[in-house]
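Structures are listed in the sections that come next.
Two complexes, one shared chain (chain A), two partners (chain B, chain C).
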Partner chain A sequence: MARRIAVLIFPGTNSETETLALLRDCGGEAELVHWSRAESLAAYDAYVLPGGFAYEDRIRAGAIPAHDPMMDYVIEGAQRGKLVLGICNGAQILLEAGLVPGTGAARRPTAAFTHNASRKFVCAHVYVKLATAPSRSPITAALAEGTLLPAWAAHGQGRLAASQMHLREIERGAHLAFVYARADGSIDPAATPNGSALGCAGLLNREGNVLAIMPHPERDAWNFNHPDRREGRNMLAVSGGAPLFASFVAGVQRS
Partner chain B sequence: MPMRSCSSRDRCPPESGLPKSLALRDDELRSIAERLGREPSQTELHAFDAQWSEHCSYKSSRHLLKALPTKGEAVVLGPGEDSGILHLGEWNGERYGIVIAHESHNHPSQVVPFEGAATGIGGIVRDIVCMGAEVIAVADPLRFGRIDDPLSHQRYVAQGVVDGISAYGNAIGVPNIAGDVYFDERFDDNCLVNVVAIGLVKESEIIHSFAPPNADGWDIVLVGKATDASGFGGASFSSVTLDAADEDANKGAVQVPDPFLKNVLMRASYRVFALLRERGITVGFKDLGAGGIMGCSAEICSSGGFGADIQLRSVNVALDGLPPEVIAVGETQERLLWVLPPELTPEVLRIYNDEYTLPQIARNARAAAIGTVTARQQYVLRDGERTVMDVPIDFLTGSIRDELPYERPEAAPPPPGRAFETGVQLDELLERVLAHHDVCSREPLYRRYDGVVRGRTVLARGEADAGVIAPVPGAPFAMALSVDGNPRMSKLDPHLAAQHAVYEAVRNVVAVGGRPIGLTDCLNFGNPRKIDHYSELVAAIDGLGIASRAFATPFVSGNVSLYNESKNGNAIPASPIIACVGAVDDIAQIVTLPFKRSGSVLYLLGTPQRALGGSVLIDVLGESEPGLPSIDYDEAIAHHGLLLRAAKAGLLRSAHDISDGGLAVTLCEMAFGALGRGRAAIGVQLDDPFQWTHGGVGDIEALFGEAGGHVVEVAGADIEAFEALADGVAGVHEIGVTIDRPVVAIGPQAFDLHWLHGIWSQSLAQVYV
Partner chain C sequence: MAVGLKIPDNEAYTALTALERLGIPLARVERSAIYVFQAPAPEDELAARVTRNESVFNPNKHRLRVLDANAPRSGEVWIEEIGARWVDADRYVGWRLFGAGDRPVDRATLAAATELLLCNPAIERAHFPKTEEER
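Right, the complex of A and B next:
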């Protein structure tokens, strides 16, 4: 039986449409699950937390939704090895829930995606580069070494912040999954749109089954989304950031 | 029923013993007492005050607006309800419509910029949702005062407005795909914050903002935020001239934004749409704008031919002890109103209150039945046992009209007819024009707005002249959107400038390969009771009609915003701001602005004129020059047809319109667009203008004139095919080539591309750090 993916909707989530569409276009069997139906989450095999402003970013982005009853199921599922992908606000929630980098206890965050260095929301096209071996995580296993993905950064709080000790843990434990890069794949601090520590765009937990990524690969995921991919192609075909979703879906099917 | 959506301004100071906050005139008061046969109650006074404001009634503009063309093959729903609807395309047997609304939130934004701009988006999004549509895009035309002084209120306004748009639009998850911004001292005391919202609806599932024919005895259901005292007197506030002395009172009239609640409210309403589809029931749905519960419920019932009976005690309120007139006409944000058959009400309440948990999202937010639609055509409000309002509903909502005096403005002086000359060197002209705040890069503003949420964005801001969304998954068609209106032109000639606003909006949509299918207008003007201000409005509407008919592109919705003037009584520049919707039949044929390759041939579609009036060039030289460029509609239409045919045939590598700053800026921007994409820079070699103008105009007019037109890039291999298409089309000039050197070369003079780009990209970046 095909594995089922739940796309979670918290009050304030706003990226459920494109997240669901790309999961389905990548062959995933995905459904939206709403906060008033939290208990139905137990039956799903994997979870995707889309972008938005869950609970209005009160206190700090992700801090309140990390305590929503829906997260009880996500935390329990992650501990049992289910695959979990959080994008943008979803990534912030995973950090606040302590699932990523996962070096502390549940709901005891050791790092956060917090206010950009500019203190302003930024919407900018970026590239992210896979910074770990693909086999490090079932979510990235189908990607090639050093894969470069286009994506849109669209956040006010995307700067990784942690104590020096926890940043060292992130580096040593190969938690750094994606870093910002230039269009040619080279690493350049100027390519980081938010002042993120380590140039971090995405983090994995220790076991590799939970990935938090700040920019949105799902918003540059069809040929029509990007000017460089329009000439002479099928506009409606998936491309761009889609391989990450395809790799996630493949990982879910294997799990 | 107002002919257009509610929101604008009008008012005279009260002359009699009314509360100071009321602006009804003596003659209006007398007619109310006469019709009722008694003195109106306090609640009735406030109700008529709101309902008869320009904001709701369009009393001084409605008869003028009737002259605008509103019919066309793409028009599904013209002006009359909260939004207009245009047919976009058909897919899998379903017809899809684009819902469009256009509003202003000028006065609130001048007083409290963040909240004013944010609630502007909040308000217009409801106009879209209440048609049964999903909101898929917004755009924001902005006009600010001088921002050079970092400590000035003008700078605070210009920054706060962008923060407000960013905070609200981003949170509700609607991409911001178009907009423009101008800076002028005549906006110092009165900024303009317009907003356009776009929705997508299946044409078979449109919900109307009137009670359906069988609605007698149906429930009136109020949904959303708990009613509070915010926004009390909002309609009146927006109908007077801003006075610094009243600043505190004015602040109270501004609503409080809650994008978090709006996000949930939108999604819950989409869920109700699904329920209605399932049941196949026709209902009424309308947003609460000016006049609050009273204005909305009276209009939705009266336009269906009914009356209403409402119990104000059933309204969920934020605090106890609110007087009935505040509950009735207060303009608290984030509220909508349904007219539902009673058997459906419990299910709708359950969706909002239980499934989407409104009461937990914001304090005391909920959906609740507050009254009944009645066959008896009276509008009745009750406060417990007490009847606080009981008036004939058609008298309340019926069309009142103000015939105000105006005169045809004298014809603006023509251009002097000689070639313009200046002693300033070309490099300095380029530097000053590219740094001009009306020309330089808008990225510092639009990078604050989420332009790509929902994942359907084809062209985000900065990529082309119009934003493009492919709204229907799987379908090849798309929607293009541009908003335009040039205040420098309006200062010289409101009649011709209004035509230029339409021409530029149409031109921008054509530049991406879109067929213009419809327009909206937001008419931002001064005080209609001053003859010179009102005459500008009359002249501009006439100009809009001329251009709209010429381009065969009708108006489907709009808004009027009057009383925009400075403290000393000077009007803002006449500001008809136009949005144009285009249909792109196939996303594969879209054309973008950046140069694609070196070695392409560049064509100018357009004819420069000896007319620099209103141009950026004249502004940077500190000179004054009469005479706007005229519009040759036949030539423009022929060029648009050529451009669209060439786009369809895949012959255009890039295209960009000519507007602020002229051809020189157009070419620079096409070269800038190709920078930073991980490829070699592409420069341009423009032939000496004399070679293609043949002396018809001087070099300065050729390079910096703003007569319109497009530049297109054609591959060498496609020249023959392009020229065959262009055969017989007048005003097509081969003007140069793209080159593999990073320079903009004009005749023998070459200017470093990176130097020019630095000027252009840094000018506003210093303001929006």
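Right, the complex of A and C next:
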């Protein structure tokens, strides 16, 4: 039986449609789950937290949704090994819920994606590079070593911040999943659009079943999303951001 | 200087309901933006500096309060963003919690609310009212 993926909708989520579409294009059996149906989440095999501004970023981005009843199911599921992917605001929620980097207790965050160094909203096309061995996580297992993904950064609070002690834990524990890179794959601090510590674009938990990624691969998922729209291309064909979703779906099916 | 809303504060109400869910029942939550100016200046000059800035003060929505002291009051915690640099004033978000009888909550309740929701210690620092001993 196909494994089912829930795409969570908090009040203020706004990226669920493209997230759902790409999961389905990648072969996933995915459905939207509204916050009023939190209890239905127990029946799903994996969770995706899309981007947006859940609860209007009240108190801090991700702080209120981290305590939403939906997250009771996500946290329990993650602790039992279910795969969880959070994108942008979904990533902020996973950090506030303490699921990533996962170096503290649940709902006791040890890091945050917080205000960009510029204190301005960033909307830019970026590239992120896989910074860990693909086999480190079932979510990245189908990617090639050093995979470069195009994505759109669209956030005011995407800068990884943590104490020096926790940043060292992130480095030593191989929590760093994706770093910002140039289009040729080279690592350059100037490619990081928000001043993120360690050039971090994405983080994994210790077990590798929870991934939080700030830029949106699902917004560069079909050729018409990509800034380089060359003539003759099939604009509806999948584009560079799709492989992460394909790898996630493959991981869910194997789980 | 403290800038609070004179219209209903949805964010404060969200904090109230979230804290209730976390097992901290409250009667009311007040939220304000706190500005502590470094250079000494007459009160009315500082007030004018805040109220002239339309990005922080809208007279239709906000009310300005002059702080009695540059420290949180009873039942209040000030949250500071670690590493943020501001021009001429330190900034905090002030949360004041009220419990039964509309009295400011005790230190233990305030500390629990701060740890559970109001402060992410990875990026923020909490400032509590001074205890009798600290005074």
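Rule of thumb we're sticking to: the second predicted complex is superposed on the first by the 251 of 255 C-alpha atoms of A that agree within 3 Å, B and C clash if a C-alpha of one lies under 4 Å from a C-alpha of the other, contacts with A are read in each partner's own complex, and residues count from 1 in each chain.
Throughout what follows, contacts are C-beta pairs under 8 Å (C-beta built on N, C-alpha and C of every residue); 3 or more make two chains touch, one makes a residue touch a chain.
Fair warning: this is a prediction, and the values are worked out from it, not measured in the lab.
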item: Contacts of A:Glu96 with chain B and chain C, given as first, second, both or neither; value: second
item: Partner chain in contact with A:Phe178 - chain B first, chain C second, else both or neither; value: neither
item: Which of chain B and chain C A:Ile64 touches, first, second, both or neither; value: second
item: Touching partner for A:Tyr73 - first (chain B), second (chain C), both, neither; value: neither
item: First, second, both or neither for A:Pro109, with chain B first and chain C second; value: second
item: Which of chain B and chain C A:Met235 touches, first, second, both or neither; value: first
item: Touching both chain B and chain C, residues of chain A; value: 55-56
item: For the chain A and chain B complex, residues of the former touching the latter; value: 9, 11-15, 17-19, 21-22, 34-36, 51-53, 55-56, 118, 120-125, 152, 154, 156, 182-184, 216, 218-222, 224-225, 227-228, 230, 233, 235-236
item: Footprint of chain C on chain A - complex, ascending; value: 55-56, 58-60, 63-64, 67, 96, 107, 109-112, 114-115, 161-163, 166
item: Chain C to chain A touching residues, read off their complex; value: 10-11, 14-15, 18, 21-22, 81-84, 116-118, 120-124
item: Complex interface listing, chain B residues touching chain A; value: 166-167, 170-173, 259-260, 263-264, 267, 354-357, 360-361, 446-460, 463, 470, 473-474, 476, 478, 586-588, 590, 592, 594, 677-678, 769
